[in-house]
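Just passing along the structure, written as structure tokens.
Letters A, B and C mark the chains in the order given here, with residues in each chain numbered from 1 onward.
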Amino acid sequence: MKDLSQEVATGPLLSVRGLTKRYGNHIGCGDVSFDLWPGEVMGIVGESGSGKTTLLRSMAGHLTPDEGQVIFATRAHGACDTVTMSEPERRMLGRTDWAFVHQHARDGLRMGVSAGGNVGERLMAVGARHYGDIRGQAADWLERVEIAASRIDDRPTTFSGGMQQRLQIARNLVTGPRLVFMDEPTGGLDVSVQARLLDLLRGLVRDMGLSAVIVTHDLAVVRLLADRLMVMKDGHVVEAGLTDQVLDDPQHAYSQLLVSSVLQV
Amino acid sequence: MTDQSYNFAYLDEQTKRMIRRAILKGLAVPGYQVPFASREMPMPYGWGTGGVQVSAAVLTPDDTFKVIDQGADDTTNAVSIRKFFEKTASVATTTHTGEADVIQTRHRIPEEPLTEDQILVYQVPIPEPLRFLEPRETETRKMHALEEYGLMHVRLYEDIARHGHIATAYAYPVRVEGRYVMDPSPIPKFDNPKLESPAIQLFGAGREQRIYALPPYSKVVSLDFEDHPFDPSKAPHPCALCGADDSYLDEIITDDRGGRMFVCSDTDYCTARRDAGHLGEQAQ
Amino acid sequence: MIDLIDVSKTFTLHNQGSAVIRVMRGANLHVEAGECVALTGASGSGKSTLMRMIYGNYLAASGVIRVGDVDVTRAEPREILAMRREVLGYVSQFLRVVPRVSTLDVVADPLRAVGVAEAPAQARAAELLARLNVPERLWSLSPTTFSGGEQQRVNIARGFARAYPALLLDEPTASLDGANRAIVLELIEEAKAGGAAIVGIFHDEEARAQVADREVDVTSYTPARAA
């Protein structure tokens, strides 16, 4: 699972190089570079408008970056720049090896489709054509995200916020992706619901050997979930390192301000 | 109304050429929805404006024309469209499937097998089969372009989850020549096997400004699951008038005490059978 | 196993007039496998700072910190993560866990992280919790609600779940009663016998005397306070 020698041998899962996205004269995110290795969880923190969501969406192909590369180690063809790959290939990646968890569950779910249909969609998108198997896997995933299998035919509109978010996670992970992008996955949830979600995510990350990039403004979330941390300000990464090191011994003025501005976590 | 009042088949020649180009493109890319500049027609949307424009573009003065609505030649919609072309194109009309060169239809495929010499024109209300789950046209066009059709099966999945079987009984989605997923217009799924036909089949959606087509003998597969295969079943009765047990039936309420009868929805087929001496249990 | 050469540490407080605080310089430390070195010095002399630098939690300003093959001052984050998983255990004074995770899973966590299956990992966790007298009825609960002493024992169980080749112990016997203190000292002796290189902070002088082979006074590394 987390065999270091194998990680070294296979290289990074994701290599971001000089990624820049501009909005006119304004820099959304500027010249961001980093490597993400298999099994690593990277947090990106910063205040609103710091460019963290722009960076995430540029990496995930939701926005077209102006400069830079997002190199992903694909199963079939090894390292490929996803910025220059064809749209069908990128969209296929988005249904198979990549997943994207939106802050608002309703952006990531089909609200008019049952929970089972929501989870099954990615399976059907990659060719599953056996109803019984699809339903079985959907039920299995609902239980893994702690939604009673008896709710399989209910629409997400009847679910609480926390359940919707867990359903979105199940829908994303059912095809066994290797990289998950998460945009404020615990935002807007009650604290107790957040804890449950964090615990769930941690378990899934470990059990599936997932790599993840998590954007959040919540330092408690990154401390518990992320191995590594990038701090962004005005579109640029001002500090990066081990999560606990950045939080406990921040080097940059802005990181120090950020860490000292929150209640002790 | 005089013959000079309208160009042949109502539309001007340039418009008909534009529609023919869309039809040819549709035939060249089976199942692909070709946008066309739909004209205002002297009838409301929903009354077959798309089908009428396609018929106008393919009719020649020598053609014999037939119109059916839910299989019947004698309903308001069928009668008014037939009259429309009698007046504006002076074409011969018929109710006999075998005698027609062009058949415009709403919601049915005739029971009598079509031939290579015939054209079947469908009236289509909603051409986009993916709209049910994805309302954005920009997105559905991309999904067609990239063959991302998982969503169609989500629709069927929802059916089975809710009803225990695929409850979609009409407008049942099909995949054409292994490529485009197509809405066959609201024909009953019973008619889906007949989509593989020697005739040319043209689909016109007036309000949505789309034309698509099936060339003769196109492979048309109804979507399904391995463990819930496509089933083109119909009501398990014979026709009360002609006794046919292989035709699609309409249920007719005969009184207010629960009395009902099942009769062929294809009036020409039923009449021809009765003329040939086949009688059902309620035939007079 | 653990080597520190001429290590220094400064804190730059950017938001307080960029004040630079020099907290350590010229720190040297060498710990062999199977050896336990106790850090001593008055409160504030930098014992915890030194320990945190070895763990990679604080960045050293200069010098070399080697744990096994890894130079902590120059390693990539993932190398430090691997080191923490495979080589260097840490029993801190604080328990930081996701609320809601059961005590058994918290203790089994270091084993799960290196690929041990759930059942044997939990069996080992149960063995340690039992030995440290954490009542079995608490095992399925989150330790976030436990008393200080109970949390401390959970932390210790977690730190000893794996036989790390190197171990950092920050006040492992604080807030423990005599019986549990004896068990912790036993665990430390066992780890030493197993070849672990240990750096510890023990305010408990008796405990220190019992397990430490040497003492290093970090006061000698503390620069004169800049006025």
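The rule is simple: contacts are C-beta pairs under 8 Å (C-beta built on N, C-alpha and C of every residue); 3 or more make two chains touch, one makes a residue touch a chain.
Since we're looking at a predicted model, the values are computed, not measured.
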Remaining chains grouped by touching, subunit A not included: B | C
item: Chain nearest the global centroid, as defined over all protein CA atoms shown; value: A
item: Identity of the chain that, by mean CA position, is farthest from subunit A; value: B
item: Averaged-CA centre spacing for the pair subunit C and subunit A, given as whole angstrom; value: 31
item: CA centroid of subunit A to CA centroid of subunit B, Å; value: 46
item: Whole-Å gap separating subunit B and subunit C, where each centre is the average of the chain's CA atoms; value: 76
item: Subunit A-touching residues of subunit B, taken from the complex the two chains share; value: 133, 146, 148, 150-151, 153-154, 157-158, 160-162, 225-228
item: Subunit B partner contacts - residues on subunit A that touch it in the complex; value: 87-88, 91, 95, 110, 112-114, 116-117, 120-122, 124-126, 128-132, 134-135, 152-153
item: Residues on subunit C engaged by subunit A in the complex (per definition of touch); value: 11-15, 52, 56-59, 77-78, 80-82, 85-86, 96-101, 112-115
item: Subunit C-touching residues of subunit A, taken from the complex the two chains share; value: 1-4, 7, 37, 40, 195-196, 198-199, 202, 206, 223-224, 227-228, 241-242, 244-245, 248-249, 251-253, 256-257, 260
